[in-house]
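We call the chains A, B, C and D, going by the order they appear; numbering starts again at 1 in every chain.
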Amino acid sequence: MKTPLAMAIAAAALTLSTAQADEPRHGGTLNTVIQPEPPGLVLGMIQNDPTRKVAGNIYEGLLSYSTDLEPRPQLAESWEVDDDGLVWTFQLREGVTWHDGEPFTAEDVVFSADVFHRDLNPSARAVLDHIESIEADGDHTVVFTLKQPFGPFLLSFEAGTFTMVPKHLYEGTDFRDNEHNDHPIGTGPFKFENWDRGTVIELVRNDDYYVDDLPYLDGINWHVIPDGASRAVAYENGTVDVLPNGTVENFDIPRLAELDNTCMTEEGHEYFSPFAMLWMNNREGPTEDKRFRQAVMYAMDREFARDVLWNELGNVPLSSFGSNARFHHDGLDPYDHDPDRARELLDEMGYDGEEVRLLPLPYGETWTRWAEAVQQNLREVGINVRTQSTDVGGWNQRLGDWDYDLAFTFLYQYGDPALGISRTYLSTNIERGSPWNNVGGYENERVDELFNEAATAFPDEEREALYHEVQEILHEDVPVGWLMELGFPTLYRCDVKDLVTSGVGVNDGFKDAWLDR
Amino acid sequence: MLYVRLILMRLLKAVVVLFMIIIFNFFLIQMAPGDPAAILAGEAGATDEAFLRQLRERFGLDQPLYVQLWRYVSGIAMLDFGYSYRQGVPVFDLIMARMPATLLLTGTAFVLSLAMGIFAGSLAAARAKKPSGSLIMALALLFYATPLFWVALMSVVLFSVYLDLLPAYGMYTVGAGHTGLALVLDVAKHLILPATTLALFFMAIYTRMTRASMLEASQQDYVKTARAKGLKNSVIQRRHILRNALLPIITLAGLQAGQMVGGAILTETVFAWPGIGRLMYEALQQRDYNLLLGIFFFSAALVIVFNIITDLVYRLADPRIKEGS
Amino acid sequence: MSFFARFAQNRGALIGLIILLAIIVMAILAPLVFPESPWRMVQRPFLPPMEVDGFPLGTDTMGRNVAAGLMHGAWVSLLIGLVSTLVALLIGVPLGAVAGYYGGLIDDALMRFTEFFQTIPNFALAIVLVAIMQPSVTSIVLAIALVSWPPVARLVRAEFMSLRNREYVEAARLVGQTNRTIIIRQILPNTLSPIIVLASLMVATAILLESALSFLGLGDPNVMSWGYMIGAARTVIRQAWWLSFFPGVAILLTVLALNLVGEGLDDALNPKLARERS
Amino acid sequence: MTDNHTTPLLSLRHLSISLPKGADRALAVEDVSYDVYRGEILCVVGESGSGKSMAANAVMGLLPKGVRASGGEALFDGQDLLKLSEKQHRTLRGLRIGMIFQEPMTALNPLMRVGDQIAEVFEAHGRLNGRERQKKALALLTEVGIPQPDKAIRAYPFQLSGGQRQRVMIAMALALEPELLIADEPTTALDVTTQAQILELIRDLQRRRGMAVMFITHDFGVVAEVANRVCVMRHGQIVELGKAQEVLKHPRHDYTRALIEAIPSNVIPEARGAETDTALLEVVGLNKVFRSKGGLFKAAREVHALQDVSFSLVKGETIGIVGESGSGKSTLGRCVVRLERPDSGTLKLSGTDFMNLQGEALRRERHRVQMIFQDPYASLNPRHRVGYAIAQGPMASGISKAQAFAKAKELLALVGLGGTDDRYPHEFSGGQRQRIGIARALAMEPELIVADEAVSALDVSIQAQILELLEELKQKLSLSLLFITHDLRVAAQICDRIIVMQHGRIVEQGSAREVFLAPQEAYTRELLDAIPGRDQELANA
């Protein structure tokens, strides 16, 4: 197994090292922004990005993860596994209470995993499929028994995926209509205080937090500002101190980063490792032809996109596994920007100028610009591209109905190929109606076999061999276009210390943060 | 009594129009691509069939269209606008929470634009042949021709960033905990930029309209009569010309007041003003049908209320309507 | 006095006409001056104006030539303005004519219909329509037309109502002309001048509407329009003012010119009518 | 009378007023001199475009934009008005010089109560306080004879009739007892009976207050009623100036003579016997009610425009329908040509039931009855060449384009406008347009022509020409004519028979001679008595 490589950005390293030099101080309310406004804050029920960011401070999972994705204790103090990799025993921390004062026990864990998430949470269900049973052993011990070894099992306990919800408030109710949804109760370092919709979400310090001294902050205000330029202004005039990833447009980042007292880190996204891809419809049209898909890879100037659109943050991927993904294969021939090669391939396949529809990702300006750049790249090698503009609803619909030729997307890798990568390529994961499965319609029996074997193989050396083979096949077939491993920078005032301490970044970062003022 | 009758009649008409709007929008929105459940699922980053089914059942999206429509319409009859798909909160509560902000913004902009527009317009009319009058009209034309959002962006850069005089966004200073007068002043300070931005365009319209209308009114015989009486020019301008010139402006203002709600979408977005314009745009993006329908309903209702008010004001201003046909 | 002489008496209108002609020439010359696609990334990004030869207005976020975009955009913006106004006229004129000419129940029904469209806030409806049809030149034109016809219908109706009992119309009725002939040959030509004036303003409004839609990301991604350019430049307004400035000025000038021309047309078309009415 | 004052109150000396560039002539008024003395009424008479009102406007300082006094002087009480600043001029207006205008409908601010508008005069000159002003306004309203002045003072203009509004205007002009009253066509827009009352009022007030009055009119009848002296103007110049009696009896100038002669005289031509006895138009028990649209909560209002109207017209006959505004005469005409549909009764044209025709059937029969309209400016489509305007009728009934245009040319020649078929209406004068209107009606070869106030919008001299033309055409083409007019004299001149209408009913009908010389009904007599200058003329006869 290769250790996932943290993004080596000098600035980030610098800020982290200086930050740790000082003695943490209590006090102060931190202002930050959230974009878009989350639909709700009950993390077990909604797992979209804004909810994770805010509610990650209210709720907790059993484990947290370091910036190199090593599991760390959270609500579970320790854990052990038997030699077959089947029975996992978690020791829970004692003296933890919910925000309403009730004690947190093993019963809550069993309820959360087995009842609550099984009912509501599709990403948890994917893990639950591998689990035989979940049992409480006393108040502070929980035993998970797996059906077969599952490589990424330990990576599944992040707060966003397997959050702990209070059994005493939810058991026997209609979860979605529960009155406590308006006032979420968790075990985290901050408590929900107030939500003025359209304006601000306010969290306050949980004075009864189980880790002494933590948190240092008195509270967090998440400002809701719908316009990117306004968010930048809010940072500039000092209203907010932290701009979590994705809250300002990429074009603005270099300018903001140069402001006084401003630091930037790219750490804190390792768990997600967002990977931008270009879906290519493998079922029909020119994109059905492997040579066409390869031509697209050669035609795109990905370096340009990284340098101009993403401000040199991020990484042009070699192939299907991100460069910091586990079991990454770095011995493959890169698809460099080579328009001539692309034209050759198109000639070879006899491309006749049939129109190809390109669906941009409606997630903001950078993505729109990117689609424009790709459109221009492809046109220049003679591909007749027409961009179809659409909003989130249309994008979902088109992808879910496979009504597209080329489409932008980005996917989280969740730390392990079995959680975040295989889902894109497995033919068993082709199903209409979702934009998050094998939307490209790629079918390859050998790839299916390899992925399935690798997921349950034990130990890691065995997994690595299988994954390397699959990467070679995918690299040749180009079922999707691999665009970019995205860098997700967080901008903040340098006097905000210890902001990013885990692999999910600010999602649970405010626990340790303090203000040096 | 007359007014009661009039209002009753207008309300009756309003109910019919609103009913049509419900139906129209209901089908319009149904035509939009994208299933709200799929979008919610999409936002979550992961989905499966069970999850989608769950959501659809919950929102009643699994029912045939006519059942959905019937449920919606009969709900509205009891002032039940359903739940927002995305936020899981009653639509009525969401809209009511945002309505005051929109009313404050559009109301202020409306009054501002009307007052300034009429003032500038009458000034320009009085000085129709002088350079100062031409200058006012040139400015009005400039404001009219400048895209609203561009003004918004520029004013943020100028007043918030470079001059640091006014807050760039939001409705109040978060975390300041102002109450009472301090809060009012705080909100007022936040209101200045968005309200002015929104008002500029409409001010330009009123300025031009007032001027044209006043020039036309000044051609009327009764103005000659007034001059024959030996009245001062300023009195003639105010009492005879302006009063008559205002009548068409009242009508126009009624129409524009409704459009302001639409124009507020851009302003609210740029200035992060927590009003229903912004809520609408978000609801559209998220295919939050119930919320979108609710907002359409309320903004149409707002337009109708504005129209009724316009009618009443017109009646107050023009005695001929009261008794005549 | 000839029509043009009367028009030219209004100095503003003359200036407006000159600006408008310049913009039209710009649109026509675009493919000759910049034969390459305006989408092509040709220089380093964020090149300020006048810094490098051949890039008088600089380059945008991706190194595309702003001058090329501006000239190609003129075509698109004018086209969208014109076509959507035409479509709006095609809806509004017949509707208003029929309502105003026949009056009574037909008028009532048609006016309720019109009011209904006016009750939904314009811009909101346009957004929803474009979102539903998905952004493209066609859908934008349709959406703009659908929200801008009611004033046309009202104007035409009012004109028809005031003209339908004119003595020459009654004379036409008395000599046995059909309603259709009377509407088309007798009344419609006499309503043209206010319609033309309104139309010139509608083109301006349509251009503004298109830019507002583009600003919200609801523009056609395949064509370079001014609204698109501003929308795309919005996020970088602080580091590259020229990206939103030039298209902003272009819109401003066009709208300004159309308004001035409208005023001039009004001046040129109306005194004659005023004389005839008195 | 009292014209032997030594110094005139107002004296115009060589006054010239220039028009803006592009007007049809350079000077509106050219080298005009006349005096107005205290206690006299000077009538300034002229047709439209004679510049008769311009001098008055110059005196008031109310010249339209672009028009200015370019020479001479206007001495008021020794002071040259043309040299006054706007402020100085203002202090004279309303205080020492009062003015009333032609259109009582538009000369009052529609949004202000009548009392307030009168009180404004005092306010303008800083007289009295608020309550006194209202009291004074009430007294003035009483003086000018408005019924229920205490109510009228709170009324808005639209609630008053035209005559009442003109009384309000007079009250306003006289509020500060000015020395000079300028009356610019104050009765032209009024019905004859109302006109007589207003003239009486002005004369009465003038006598009581000893004011000087400058009375501008186009009507020599009015001159005969009120004038002490007359000033006749044409093309901006004075044609004749002298004592009223002298000018009327012994006009020295041809133009004056022509004007006086153009007034339809009281000499009634003999009625021609009808050519046949068979009725061309039969109207029996015609009723027409106009209902204002009621709403759910609003009561509908009804106006009985026609009540049980019966008459018949034989071929070749001309019938005059006479009445004041609101008498239903126009409605009757519009019903006959079927621009309106009567509610009940019988309307037969040569035996065909013309009343119940609808839609396509009506359209095909329409050519049988044609109309000549009142307003020569509104009756021709400004976008159509006159040849086409005439030809389109025949074309609509299926005649070939070439034939129709040929016919149009012929008809234009017939009405004295040969060779003008490719011109647009705005190239013609009012009288010429009326000729085109007649040609258009003739083009359809109708059995009956309805002329609705066909000459009332025209200057007297033109009026005479059109009447002459109609007379000539009647002879030549043996037309049958229904001639609707408010002017009994005009009717008497051209009609064989006259029908007098009031409030939608026929009051009296008979041969023109009978009705005019021996009216049977009180209302008819009232109408006849109200004709201005009638006594004068009868004396002349």
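We take it that a contact is a pair of C-beta atoms (placed from the backbone, for glycine too) under 8 Å apart; a residue touches a chain by one contact, two chains touch by 3 or more.
Everything numeric in this text was worked out from a predicted model, so none of it was measured.
Q: State the pair of chains with the top count of C-beta pairs in contact.
A: Going pair by pair, the biggest contact count turns up for A-B.
Q: Quick one: chain B and chain C, Cα centre-to-centre, how many Å?
A: 23
Q: Go ahead and note the Å separation of the Cα centroids belonging to chain B and chain D.
A: Roughly 50 Å separates the two chain centres.
Q: Rounded to a whole Å, what is the gap between the Cα centroids of chain C and chain D?
A: Distance between chain centres: 46 Å.
Q: Between chain A and chain D, what is the gap in Å from one C-alpha centre to the other?
A: Each chain reduced to its C-alpha mean, chain A and chain D end up 87 Å apart.
Q: Indicate the residues of chain C shared as contacts by at least two other chains.
A: 131, 134, 234, 237-238 - these are the residues of chain C that touch more than one other chain.
Q: Hey, what residues on chain A touch two or more of the other chains?
A: 229, 362, 390-391, 393-394
Q: Considering every pair of chains, which are in touch?
A: A-B, A-C, B-C, B-D, C-D
Q: Mind pulling up the chain C residues that touch chain B in the complex?
A: Touching chain B: residues 112, 115-116, 118-125, 127-129, 131-132, 134, 204, 208, 211-212, 215-216, 230, 234, 237-238, 244, 248, 251-256, 259-260 of chain C.
Q: Hey, which residues of chain B end up touching chain C in the complex?
A: Per the stated touch rule, the residues are 16-17, 20-21, 24-25, 28-29, 31-33, 141-142, 144-150, 153, 157, 161, 255, 258-259, 261-263, 265-266, 269, 277, 280-281, 284-285, 292, 296, 299-300, 303-304.
Q: Which of the residues in chain D end up touching chain C in this complex?
A: Counting only chain D, the residues touching chain C are 22, 337, 339, 363-364, 366-367, 369-371, 373-375, 377-383, 389, 392-394, 396-397, 425-426, 437, 440, 443-444.
Q: For chain C, which residues are in contact with chain D within the complex?
A: My answer: residues 1, 166-178, 181, 185-186, 189-190, 272-273, 275-278.
Q: Spell out the part of chain D that touches chain B in their complex, as residue ranges.
A: Checking each residue of chain D against chain B gives 60, 62, 86, 90-95, 98-99, 101, 103, 106-112, 120-121, 123-125, 156, 158-159, 169, 172-173, 292, 295-298.
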